[in-house]
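Same chain, two partners: chain A is paired with chain B first, then with chain C.
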Partner chain A sequence: MKLKKTIAFRNLAGKPVRTMALILLTALLSLILLGGTLMVSSLRKGLHSLEDRLGADIMVVPYEATTKSELKNIVLQGNTGYFYMDKSRAEKVLSRDGIGQASEQFFLASTSSGCCSIPVQIIGFEPETDFTISPWIRKSYSKDLQDLDIVVGNDLNAFVGDTLTFYGLDCHVASKLDKTGTSFDTAVFTNENTIKMLIQSSLDKNMNDFANISPDGVVSCILINTAEGFTTEEVVNDINIHVKKVKAIQTKEMISGISDSLSGVSDIITILMVAVWVLGLIILLLAFTMSVNERKKEFAVLRVIGASRQKLAGIVMQEALLTGFVGSLVGVVVSLLVIVPFNTLIEEQMNLPFLLPEVGNIAGYAVITVLVSVVSCAVAVTFSAFRISRIDTSLILRGE
Partner chain B sequence: MILQAQQIRKEFIRESRGTNCFQAVQETNLTLSGGTLTILMGRSGSGKSTLLNMLAGLLEPTSGKILLDGTDLYGLPDKELSRLRNQKIGVIPQGQTALHSLNVLENILLPCTLYGETVENSAVMELLERLEIAGLQTAMPSELSGGELRRMAIARALIRKPDILLADEPTSDLDDVNTAVVFNILKQFASEGKSVFVVTHENDAGKYADRLFHMDGGILRTGDESGNC
Partner chain C sequence: MKIKKMDIVLLILSIVLCAGIKLIFHACAPKEDGGWMACHWAEQAIFANGIILVLSAILRLFVKSSYKTGIAMAMTATAGITLLIPNVMIKLCMMKEMRCHSVMHPAVMVICILLVIACVADIWVHFTKEVNPSGGGKTA
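On to the complex of A and B.
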């Protein structure tokens, strides 16, 4: 029997209620730490992902789109909608100075009626000029999109090889995109030809709000990267002053609201984490102190039978490390079970871009959480371990 | 093996009274040698337990030395002193001293397992049978009577086969029958060559003693009232 190795364990097992309380407290601290870290890093990653997906310095849209707040709803909130401007205006925009890269995009929203498989935002892009969507699609689909090929966002219940019908046209799912944690996860992407066919079909079926447009004569927005030697602000001001009925917006400005919200949420989570941890550490310190105090006589007995001061401190420390380790594992598992499977729900509830870190990073955070929790338990018990190593055995055994 | 107290003295500072010193044990000489049951009697607060704790290496004297076969116990580092106590000195502390999360056998084996050592099963069984607790190995301390707990503490003190056995009030809360059982066991171990030192306030304990001492106001006295023993 290797009791030496298990005195701490048996001490813990001998007081199941106290041990369970300590484990739960440590689990709560770990849960808060890992949960909070995952939330903050997922929000940050979501924001970066959104920035990447927008991928342009400037977005030019019809003026009405901005007044109706449709633009932000579509781009940032994942709502469906569409708006168009004359191609002639787009050409005027593209003729301004300071335009580096530029590409037109076309929006269409499918409906939940019989003509469409699912109600989604459909975004069409020009493969020749696109610099925002294509690089992203290429990560999961290396070929060029053919007419009536579509690429679906990660959250949509459609898979490669499926056929989705939009306004009576059957579209082939060529690829499914990686998760971005943004509204693009619920969108469908296709090339310029296909979106024009879809817009025409929606017009033919009288299911488009813009009854008098020609698909070849309109665009929904223009994405622009400024040319070298120009600032984004200059180009935006130039377009807004010289081209009528359009609005140029800095994409940075568009997501500044989200960025502010994210910063606020992150701050609240961080404050909550710090507060819970400070409180938790104080409770742990008290709990370990009380636990050791009530067993002073048992430690005095161990001293009598030959335990050195170092050994006594070691037993107390071992108890704390065991408690910390088990508690932090429980906390980590619960945290992962809450956040990983329900990340989409969290994203919906928070209405902010939310993208979980890579598996390796999550594992790293989990390991760090366990280490921090175990070290915290060790710190919390250090005072008790020191005190117990200095006990006056003779006084304790006399009950004084 | 001989345990010697050389001119030991113990003073305590009474904190509540500032620097007022309290002499718990006045200068004392004592030698404990094998094959003897030494009993120290005295009233509560007379300094008996203080003397025993000093002999056990648990309480450093204010002055003087405790020598175990010539080795000054308090000259050793804590780690070595603890190891020496574990191997050579069995201590039966006052009161109930079981570890409640361990069963009887685990409590008894604690001095060995504390240092990762094992004991032969036959030796353990022999000790348990002698102390009449062989059937209680898996019982938890809370299930034992006062007498059984005391015998468990004796078994724990004897499991390393120490040369010195120090018992502090081993019968304080036992009835007459159990008191007699405990003293007979201690007497038996002394007769096997061990040096047994018992501190007690039992009036009848004297009849088991090979050597009998009294302590009063920190002064150790034999029957003939001499200070050195």
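On to the complex of A and C.
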């Protein structure tokens, strides 16, 4: 209530249009600052998350998968699909030198299920050898996956205890994974036995293009970590030269395209943020200067009735701080209401890994945004406050 | 029976919810076989609540201040329930990439939260003025 009695507050309330314009300008600045920061940090977090999830140095896939660009679509873009190679080829790969850890994976795409029209990617892994998916699953589920148990990505609307039916087989949801901001959020993970049962069931129902395969005789890809004493390049070249009809790919190369796009988007956002802030600060400076200039007589009268020079400067500063605080709060709220609830839509539109920071970090960014905006307003008004504290009352009141 | 700024705000938000759920942030399209997915029924329920909110907001334009507060209370409850329809009362589609999750749910959430905040603010202002009728006077 004390605030309402201050001269600064009454000045602001007395000129609602001017006050609203200043509030909107600071709101726009803080909206852009928080929005841009959240976008850039979410994109960076998404990329780190993708690197963690790939988790292997090398990925070996059937050669056909790379020529049809299916691989990147499945692994990076979240498209559904599957490809298989004979187990004999996988054994040849595993017999090469320089293989440290290795684990086979199996891909299968579900058909549309009753509740939704989009198929999901099913990824099977060998629990005994796996070193990429298991550590991630263990964060939310400590037991071993039993046959027909599945673990669902965070973006699937299924929960622990639910039953999902794939190719006529009822699968039990054992756990739901943490969000990664990558295509893995829409995938379903299961053990080797279950995926083989599902592949067989898809073959029995004629829903799989690979009509002549045996689930026990194929794998989709092999993930490899190189042994000590070997470089990734050496192992990749060795496999590509000596094992036919397969392609070994460095996972770093796979995500280099995404990394480049992300860096481009981050740069554009940063440049836009800086440009809008510079422009905004200039406008704020002009707005505060004009606002003080047009009220010179008011300040002169205040000076005549006994207000000190510091008091006048304080009034101008208080006005700026009040508008800056309210405006930045509005900007922060709008920014959070747009980016947090609509993060899935943003991720979809950008087609890049996108993982929002933790709640604590978001709150921290919001507080910093408010502080930066308020301080910017204070800086923008400093010159005007200094000038108004130095006015020559007699000249102003005489109209000179 | 004076029309207040808050009456207009509540009417606009209610119209945005009611019209938007059918025209802008609607649920997923029908399946290839023409059947509807679960999210369609969430959309219908939200639309029905949207109509109630619009009618309540219109009613607020023509009644005395104390009645306006009662209507704001009812609107708070309706908006709160509408907020719970997608994915809590009626489960949405399987993948969060789908339109019902990525567009409809957040849009309904944001509008309903704004409606609840606006209604609570209106109720708070009413009771504050009742306690201190002279308070909050505008100064030029």
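The rule is short, and it goes like this: the second predicted complex is superposed on the first by the 389 of 400 C-alpha atoms of A that agree within 3 Å, B and C clash if a C-alpha of one lies under 4 Å from a C-alpha of the other, contacts with A are read in each partner's own complex, and residues count from 1 in each chain.
Simple rule for what comes next: contacts are C-beta pairs under 8 Å (C-beta built on N, C-alpha and C of every residue); 3 or more make two chains touch, one makes a residue touch a chain.
Bear in mind the structure is a predicted one, so any value in this text is a computation, not a measurement.
With both structures placed on the common chain, the touch criterion links A:A300 to chain B but leaves chain C unconnected. Shared-chain residue A:T186: touches chain C; no touch with chain B.
Applying the stated contact rule after C-alpha superposition, one finds that A:G14 touches each of chain B and chain C.
Once the two complexes are overlaid on the shared chain, A:T344 sits against chain C while remaining clear of chain B.
Once the two complexes are laid over each other on the shared chain, residue contacts for A:V120 go to chain C alone; chain B is not touched. Using the contact criterion defined above for the overlaid structures, shared-chain residue A:N157 touches chain C, although it does not reach chain B. Between chain B and chain C, the partner in contact with more residues of chain A is B. In the overlay built on the shared chain, the residue A:S308 is in contact with chain B alone; chain C does not reach it. Once both structures are placed on chain A, chain A residues 10, 13-14 are touched by chain B and, in the other complex, by chain C. Across the interface of their complex, chain C is touched by residues 10, 13-14, 78, 112-113, 115-118, 120, 154-158, 185-186, 337, 341-342, 344-345, 348 of chain A. Those residues of chain B that touch chain A in the shared complex are 49-50, 53, 56, 58-59, 78-79, 82-83, 85-87, 91, 93-95, 97-102, 106, 109-111, 113-116, 118, 156-157, 168. Interface residues of chain C facing chain A in the complex, by the touch rule stated above, are 28, 31-32, 37-38, 87, 91-98, 101-103, 105-107, 109-110, 113, 138-140.
Note for the complex: chain A touches chain B at residues 1-5, 7, 10-11, 13-15, 297-298, 300-311, 392-394, 397-399.
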